[in-house]
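Letters are used for the chains, namely A, B, C and D, taken in the order the chains are written, and counting of residues starts over at 1 for each.
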Amino acid sequence: MKQQYLTVRSVTEIQKNIYKMKLSGNCTEISAPGQFINIRLAGFYLRRPISIASWDAASLTIVFRTVGAGTEALSRVEPGTSLDVLMPLGNGFDLTKGGSSPLLIGGGIGLPPVYGLARAMVQEGMTPRVIAGFNTKNDVILTKDFNFLGIEPVITTMDGSEGLRGTVTDAAANADTGYVYACGPEPMLKAVYDICGDGQFSFEARMACGFGACMGCSCKTKYGYKRICKDGPVLQKEEIIW
Amino acid sequence: MVNTQVHLCGLTLDNPVIPASGTFGYGREFAELYDLDILGSISFKGTTPEERGGNPLPRIAECPQGMLNSVGLQNPGLEEVCTRELKELAKIYHKPVIANISGFSVEDYVTCARAMDREEQVGIIEVNISCPNVHNGGMAFGTDPASAAEVTKAVRRVTDKPVFMKLSPNVTDIAEIARACEAAGADGLSLINTLLGMRIDIQRRQPVLANKMGGYSGPAIFPVAVRMVYQAARAVRIPIIGMGGISTAEDVIEMMMAGATAVQVGAANLVDPFACPNIIETLPTLMEKLNIRNLEEIIGVIE
Amino acid sequence: MVNTQVHLCGLTLDNPVIPASGTFGYGREFAELYDLDILGSISFKGTTPEERGGNPLPRIAECPQGMLNSVGLQNPGLEEVCTRELKELAKIYHKPVIANISGFSVEDYVTCARAMDREEQVGIIEVNISCPNVHNGGMAFGTDPASAAEVTKAVRRVTDKPVFMKLSPNVTDIAEIARACEAAGADGLSLINTLLGMRIDIQRRQPVLANKMGGYSGPAIFPVAVRMVYQAARAVRIPIIGMGGISTAEDVIEMMMAGATAVQVGAANLVDPFACPNIIETLPTLMEKLNIRNLEEIIGVIE
Amino acid sequence: MKQQYLTVRSVTEIQKNIYKMKLSGNCTEISAPGQFINIRLAGFYLRRPISIASWDAASLTIVFRTVGAGTEALSRVEPGTSLDVLMPLGNGFDLTKGGSSPLLIGGGIGLPPVYGLARAMVQEGMTPRVIAGFNTKNDVILTKDFNFLGIEPVITTMDGSEGLRGTVTDAAANADTGYVYACGPEPMLKAVYDICGDGQFSFEARMACGFGACMGCSCKTKYGYKRICKDGPVLQKEEIIW
């Protein structure tokens, strides 16, 4: 983990209240999809944790939804601005455990790290399958990005306004759910947990430090207490206690 | 050349800057970022006799210029701390450390103090009395002079190391508690612990913290901390480690002028992991600007 | 259409937003900027029996997200307030107002309450008990349940208007003080007054305030205020006017969810003279966003 | 008094740590030299009071010394930035009381409002005399501005590095001090007070509101308590209590 400055290159509203931000700077320490960065914003005491959606050696992309004053402010940052970030944080996904064609499930704003995971897998020659769940068609994001990787995500919406109607687990009913990678709201994670054989789950928690110092995000697992920020955000199915 | 050394009950600190208990773990995360030996000392995470899982999540809430935490003294318990954490700490930090201990009964404190007394690297035992006393209706030890004195006496009896009582700011009269601890044999005082606060998620109509209330720390509490350190310093003769909202070298100077011999830096480490090294680096320049040759000369200069 | 009305001891306020005592004078400066009649009520500057010049300058110190003041209850005295200030206030504000009264002895409070009882426009008498009791070693009335109760009883006896006791936050147990006031006959509570704080000018090696310590207000104290309002609301059945660091409509909602029936806005008026009108204007939109039809339905929803 | 936005047009360092800032916006309410504006700065709770050095209907100039974090931040504000200000504040000087050729005395960073006063007097056809005192030649400011008004200020420095050596009252010893307008550090004001027949004195105080609401700046005068921010900053000699 380092404290460093990233320069904002672009900010695009890709859906109502959802923004894609490209940042440049040294990204060579990022070691796995699912890791995140913790961003300092003027006027806010705590940093804001946001997942890395994709990256290369000199840049990274984040995708975030404006839910409060911090993400609002982030969406209004001008290109050219330097952002103080701590990165990379967290363990990220382990690509090696799910075979060559694992199932990836993302829900809502949990999709960006799933995209990063799919991208890394494709780079490794794997052929991930993707289910992407949303509330309604106005929430659907990153479809083209997946297509660009050669992946046709199965899209589900709760109201059926795009793709299949229903939840991601509805969509997974006929799929091979032997090993699943999942990121999304906690009820979704729980539902996926219940139907899959094995897998990895990315969690969120309110954080102070984001790098393991304060125990602000610590939760109980079958293998002892784990800090979501440092020992997670990705937990293995076998260790999770709901 | 300015001199940043301060003396604390026989210990000589290279500088007065000490990471505060609970905001620095056992130093491991920070040792990856900088050489810990630049620090005056380290107050490590509060230890209780048994392992504690702490409170349910969420445990963190944001505030104006600060944060609430309801971590709930999560720690691996006395034995694990002594057999593992302190051994690891000794590898990355080579000066005396401050053992922060907590408890829910006088016996808890005694148990921890006894064990810490045997730890060679422990230079000071810092007794966190902001914890609820389960034998006294859950009222915090630190909010009642008699309970504070009782803990002080009990701990004092079982160790030869300097005992610093860490006071709660959630009291009517900090001077009264300070005097009670001094009279009961404390070698020094640490203050302030966090202010009790609460935030509500107005969308969900629930407290942000699962535990409802939590401890407020960060720059927002600095003026209260300066006031309490000033009041305590004028009430007792024993040295004080001042803390609460410190994040700059200027804050260190202000806290020392109020009466602190050394300071702790808490929440600042969390939002800026380089807070302590930055302060330590800036301190000499600031001292020159303020015409301070020996840092100790400003301790309690405010009448 | 949402309803922002709230009811306070028989008074109906069009909205819960009230400028806090000492931060709004007698409204004159603000009446030049906007129509005061949009306000739920006004708590005017604390009145003492005699004129008070207040403390020496400097009386103001800046803090992180807040300020210290040591104005020292400067006011023209009871007679002048009643014969002149309230007459002027009646010209620019046409709803019941809150008479904030202060004193240094029980008799002081009684004198002020008697006079305010005769003032037609006064809808509530708000008794500031953060003042030092000169007959009790200078300890503030509000830091001791017995003294708080004594003032409450004495004031209660001489007026038919609702009596709100304004509590000091500088106490170990706010619920205890709240209960003592309720038991002594208070019709409601106002809280919190300022937190005691101190800042030091490190260049001059002197406190910033001539009076050394002062009252801390502004957003920084909001989490403490929310906590205390929550604790007090759960301890008593009488209504609460919540304050401390409120500067947005969101803050108003949060304070009401914690248990306040109405709120006061203090320091925010000083840095943004349009703070109150802005809050009042935003409130309905925010209520719609949060699915609140009647503002009163959220009072104390937090368990 | 209004709350309004002024746009920063330029910021120039005119001496070490002393900046001249030009701002544009509606300035028609300014009614007298010696009035001030109260500036909100991001990251600071209280506004910063700064005197108006000169103005016309659509712009004004301030001159300030960086003494702390607030004025530092102000000196780094970029041209084009909008500043939230309360203005105009205070009573300002009364030009009508000192005859046609009054003595104006400014000390250090107290000189800018004295310049504004001189300018207003010249516009009224008066012929003010000016004494400007500083610590050393590196503090001397606004000489050219006075010259531009046709005024040759008598400059004094404590170390004699420019103009006369000594204090402003030394320089005033042979002048007509029947009526004096003064602005500067309090010891200077007191010294001028002691030697002059009558006059007006501009004071400073730590302020919260700056517009008369909080009593944060109230001081005792012979005519009762006055708020430096609203009833001042200019007090008449006869009412001052030291």
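Quick note on the criterion: a contact is a pair of C-beta atoms (placed from the backbone, for glycine too) under 8 Å apart; a residue touches a chain by one contact, two chains touch by 3 or more.
Since this is a predicted model, take the numbers as computed values, not measurements.
The fewest steps needed to get from subunit A to subunit C, moving only between touching chains, is 2.
One finds 36 Å separating the Cα centroids of subunit C and subunit D. A straight line joining the Cα centres of subunit A and subunit D is 57 Å long. Note: centroid distance subunit B to subunit D, computed from Cα atoms, is 46 Å. Residue positions 61, 63-66, 219 of subunit C each touch two or more of the other chains. Counting partners per residue, subunit A has no residue that reaches two or more other chains.
Taken as a contact graph, the chains are arranged in a single closed ring, with each chain touching exactly two others.
Interfaces, counted as pairs of touching chains, are A-B, A-D, B-C, C-D. For subunit A in complex with subunit B, the residues that touch the partner chain are 1-3, 40, 44-47, 86, 205-209, 211-220, 225, 230. Remark: subunit B residues 61, 63-66, 68, 143, 170-173, 195-200, 202-203, 205-207, 212-213, 216, 219-224, 226-227, 230, 245, 250, 253-254, 257-258, 290, 298, 301-302 touch subunit C in the complex. Residues 22-25, 28-30, 32-33, 45, 53-54, 57-67, 69, 71, 74, 208, 218-219, 267, 269-274 of subunit B are the ones touching subunit A in the complex.
Those residues of subunit D whose C-beta lies close enough to touch subunit A in the complex are 42-43.
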